[in-house]
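Each of the next two complexes has subunit A plus one other chain: subunit B in the first, subunit C in the second.
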Partner chain A sequence: MADAKNQSATAMASLPKDAFEPAQVDKTEKERIAAPALTFTQDAMRRLRQNKAAIISFWILVVIAVLAFGSFFWSPADPNHQNLTYSYLPPKWGNLNIPGLNGWNNGVDVYKANGIKDGVYFLLGTDGFGRDMLSRLLAGTRVSLIIAIVATFFDLSIGVVYGIISGWRGGRTDIVMQRVIEIISSVPNLVVVILMLLVFKPGLTSIILAIALSGWVTMARLVRAQTLQLKDQEYVLAARTLGESSVKIALKHLVPNLSSTIIIQTMFTIPSAIFFEAFLSYIGIGIPSPQASLGTLLSDAQQNLQTQPYMLVFPAIVIVLLMLAFNLLGDGLRDAFDPRSSH
Partner chain B sequence: MIKYILKRIGYLILTLFLVASITFFLMKLLPGTPFNNPKLTHDQIALLNKQYGLDKPLWVQFFQYIVGIAHGDFGQSYQYVGEPVSTLIATRVGPSLQLGAQAMVVGTILGILLGAIAAIRKNTWVDSVATIFAILGRSIPSFVFAALLQFFVAYKWGLFPVALWENGFSSSVLPTIALAMAPLANTARFMRTEMVDVLNSDYIELARSKGDAKWQAVAWHALRNSMIPIVTIIGPMAVDLMSGSMVVENIFAIPGIGEQFVKSITTNDYPVIMGLTIMYCFMLTVVILIVDILYGFIDPRIRLTGEAN
Partner chain C sequence: MSEDTREKLVEVRDLVQTFNAGKKDEVRAIQDISFDIYRGETLGLVGESGSGKTTTGRSIIRLYDPTSGTVKFEGQDIAKLKNGSKAMHQFRRQMQMIFQDPYASLNPRMKVKDIIAEGLDIHHLVKSEKERDDRVAALLEEVGLNPDHATRYPHEFSGGQRQRIGIARALAVEPEFIIADEPISALDVSIQAQVVNLMKDIQDKNGLTYLFIAHDLSMVKYISDRIAVMHNGRLVELASSDEVYTHPLHPYTQSLLSAIPEPDPDTERRRVLVPYDASQAEGDDKARSMTEVFPGHFIYAATDEVAGYQHAAQAAHAND
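Entry: the complex of A and B
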């Protein structure tokens, strides 16, 4: 131990002084930012792009939306056009001989048995009134999507405004507003929607209203909790000190900071609105009869399930895909905006 | 604690009162009367109105209704003449409760197992399969799933009754599976997150360093601690089960309250709709109250909300 120390001391002594010189430190290099600075949103988007499931879901949603809304301009047939000679035809894709898509149902070539002309076939079959199921599915998806998106928009607007007011005002206002929420949330959402639908006249608008008026509670809770946190931030204090009005502070400081919560919650509200619409139409108090929606298609299919199972398959696939894609995209967005919540 | 419970019960009664009043006036807002059969003469309608107490002023009707509810009397059904709503509900609540309880138990137990396995085998194919399963369970609407079960398992393969409530337990199997999907998916998802957290915690490391095998650490420490927060999602899951039951009971033609609710809506049987709405609220608020109390016992760190103010 002692020897080693001596040795190194002599080695040091044998080196000339001028062998040492101070290293050059480039102060500007030290502070250089190598990668471009990312804003919060850019950073979140970067994380989102790495999530394959979310990206695939996004494109699935884009494709479904384009097809559904595109059917407004172009559709294979009129979704409400009835033709009883084409009643209950199973799916047939030209001359393709794939089981399930070749015009056979229950061991019978239905097209031949009904004497349908050679060139006539329906990609997803027809229903009891001979209406083209593909056109109905497209129109139905469109109606369901419109209901879900519009309802979600209103639902979020109510929730955000309610949550901000409750959190921002605090005190007695907050207590009263929270009690109201507690009471509303003690009734299952579906029951509230149904009661409202009984009061309004059935139709598109009343379904949208009913879903919007019953679904805002979760959003209001989330927004209030975050508003309570944001309220104590320095920049809000600064804005207040400068005499900004409450409305302006809410719009300029609160809403932008709440945006990730709002976006994520939207992704989870839309599928539940789709579900509510489908459910209401399913039990017969939703979209009135001739009009198609995912719910009415499923309900029609359910009644003919044992003889015409093909009628259930395609609407079921579409609704499951929609729910799945919205849920996965929502999960992805949440992980992207709030990396701490992911594991 | 007793003070807290009493306070909560007070709120519960207030909530139920408000819900009852709101539904009452909502029903009064509805256009038309239950007796709009063109065959009825004016005298007959007057008689019916009298029988159902609809000739009295609104506030008297309201007062009588609330007093009635306090005595467990929800009025009479318009659809089944002379049948009190309370007996209608009482005879139908059994199957619904049985299905709900079975679905809740099956769903949470399987969900806990699925979530725990996914967390222990985190980032392997087991985890991916469990996650896909949980997301599917969350995404497939209960009525689509129920219809598929009915078509394949009951109709095609004949394993269980297609519908109705006549074969005892075997009648309840398919509806239970259909209902259990949502709680299963929810619990699995929640359990996985919790378990991953717990498995990374110091006390698991301590248990392992003391020489516990991995399975011992998991069984004794991780599983127990990650199961506690599951209690908090029982409330939301109960709501899911209630809405789920309306559809599933309808598809399988089970004489439960969910099926009755849907039937009353299509026949404008307002007293039954009101009674069932209050019933649903009652069950839900009681479940939430029990969950909150349970949670206070299980995890004393959690200060019960409401005790603070």
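Entry: the complex of A and C
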């Protein structure tokens, strides 16, 4: 013990004074930031990429969108073209003998029984009027996606602007605007659409009008609540003391800081709008026949559920995929843009 | 103090700020305060939390519309300026504010460059992109930051650095008067000194006038020429900073000063807290106003209390 002490003491003594140099603290070096500059969006995208479910959902949506909108230019057949010789043909994928996709239904090779020529086959089968189900499914998905775009548009144009004005102006303006929202949201959507039918023909127009009338209400509420918080932030006060105009404050300070709320809410508005359209078409007050939409496809198929189950399966798969993908992507975006609120 | 020779930059007269007036949740944040700020000085504003310090600052800079009373800046009543008018635009350039929370006062979605240049853009002070960048670099250097940081985002900086960015933003429009709303209370002690010294240097260089709001009494004494003490939305004492420290007259100021902990354990053990009973010095129904009881030393007092304060002031000075 004492030896060790002596040794370290001699080691210390043997160190010459000039072996030490005072450390030079460089002021600029101290202030340097080595990490690469990441914008908020880059950071959020990095977090989003780590979320496998969200990324898969994103690509599923891209594929569905490309196929659906691609059918504007190329479709296997005219979705509304009837040909009674091809009535109720089950799916057949060429000569591939995959159970369920080989042209057999209820133990009968329907193609052979009906005397369909070799080389004529329908990937997803046909309905009672001999219309190609794949083309109808693509056309129906397209309607759903158009509804998604319209709902997004009204969310962003009416919802965001309404919310920012209501929150920013505050006081009496806010009270009046909030009462208006309460009145709008107290009328059930279904009632609005049925009332629309008194004036308009059933179809895309009345659904779009119903969404324009009430689809943006949740967005407006969320944006207002967030704006109320943001407008007391010191950087907004600083902008005011600098003399920035209200419009510029909204564009430069509010919207960028609202962006996560806006993106996330849009992602949850879309599936509910799609489902709303499908539901209306299903009960017969949405897209009128013979036009295809996921709702009309499901409603037609449901009548033949026991004899032609394939007619129901494929539209159902598409609507489930759309709903799941939008919701999972929405969840992923929420976690990415607003890490604190996850779980 | 020969007050007539100095130019009054800001005159606050009978300022009242009430929120939610007439409703159940009415808040009388400021109840009738008057004071002057002379060009080139630093006026410290101290008081406990909720005493109305920040509200006073925000009313002066017209973030709030005063309920009644006048605030004159260079002789012009700013309460009468119309939003969006040319005079208001000009006023926004002359008076600036440094904020309390360095984490909330910078927009997290903007680059430092754009934060600092916001005022330059609003007031069209630069003509080209290059001039803008040069000006931002100069401002960053002025507040002791590396000009290379202009393209960074606020979250990459420490609290002290962020506060300096906030100071640079205020300086960008070359104001004459800066309201510093507890600029150091969110910083740790070593950084506090840095920021306060920076503010002093900038004041000397640019001939600025400060209203320095804080609750840290020692820091206020260090930077201020005069100190105003606020309590319950009223000014209770206003005098030069040495005077307030060595001869506090109002019982609230005495109580506030007695609450400062001493670094020396021996004196700290002997420190006696002076309790303050508001019902005696402000709570009763006597009409009170700011009265000069000693040259340059104002006290919030009723007429029958003035003699007592004057006597106390003279006695205190006689002991010097």
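Methods note: the second predicted complex is superposed on the first by the 286 of 343 C-alpha atoms of A that agree within 3 Å, B and C clash if a C-alpha of one lies under 4 Å from a C-alpha of the other, contacts with A are read in each partner's own complex, and residues count from 1 in each chain.
Criterion: a residue touches a chain if its C-beta (ideal position, glycine included) is under 8 Å from a C-beta of that chain, and two chains touch if they have at least 3 such contacts.
This is a predicted model, so every value here is computed, not measured.
Q: Given the touch rule stated above, what does A:T39 touch, subunit B (first), subunit C (second), both, or neither?
A: Touch partner of A:T39: subunit C, not subunit B.
Q: Tell me which of subunit B and subunit C touches more residues of subunit A.
A: B
Q: Looking at the overlay, does A:P256 come into contact with subunit B only (first), subunit C only (second), both, or neither?
A: The answer is second: A:P256 touches subunit C but not subunit B.
Q: Determine, under the contact definition given at the top, whether A:A238 touches first (subunit B), second (subunit C), both, or neither.
A: Only subunit C is touched by A:A238; subunit B is not.
Q: Just to be sure I read the superposition right, which of the two partners does A:R47 touch: subunit B = first, subunit C = second, or both, or neither?
A: neither
Q: Using the superposition on chain A described above, determine whether A:I319 touches subunit B (first), subunit C (second), both, or neither.
A: first
Q: Quick one: is A:R169 in contact with subunit B, with subunit C, with both, or with neither? Answer first, second, both or neither.
A: neither
Q: In the superposed view, which residues of subunit A touch subunit B and also subunit C?
A: none
Q: Considering only the defined contacts, which subunit A positions touch subunit B in the complex?
A: Result: residues 182-183, 186-191, 194-195, 198-199, 271, 275, 278-279, 282-285, 298, 301-302, 305-306, 309, 312, 316, 319-320, 323-324, 327-328, 331, 343 of subunit A touch subunit B.
Q: Under the touch definition given earlier, write down the residues of subunit C that touch subunit A in their complex.
A: Touch residues, subunit C against subunit A: 58, 61, 63, 84, 88-89, 92-93, 95-97, 99-101, 104-110, 115, 118-119, 122-123, 145-146, 149, 151-153, 156-157, 161, 166, 169, 173.
Q: Quick one: which bits of subunit B touch subunit A in the complex? Just the residue numbers, please.
A: 11, 15, 18-19, 23, 26-27, 29-30, 122, 135-136, 138-141, 143-144, 147-148, 150-151, 155, 192-193, 196-197, 239, 242-243, 246-247, 250-251, 261-262, 265-266, 268, 273, 277, 280-281, 284-285, 288
Q: Per the contact definition, I'd like the list of subunit A residues that touch subunit C in the complex.
A: The contact residues of subunit A facing subunit C are 28, 31-33, 35, 37-40, 233-235, 237-245, 252-253, 256-257, 259.
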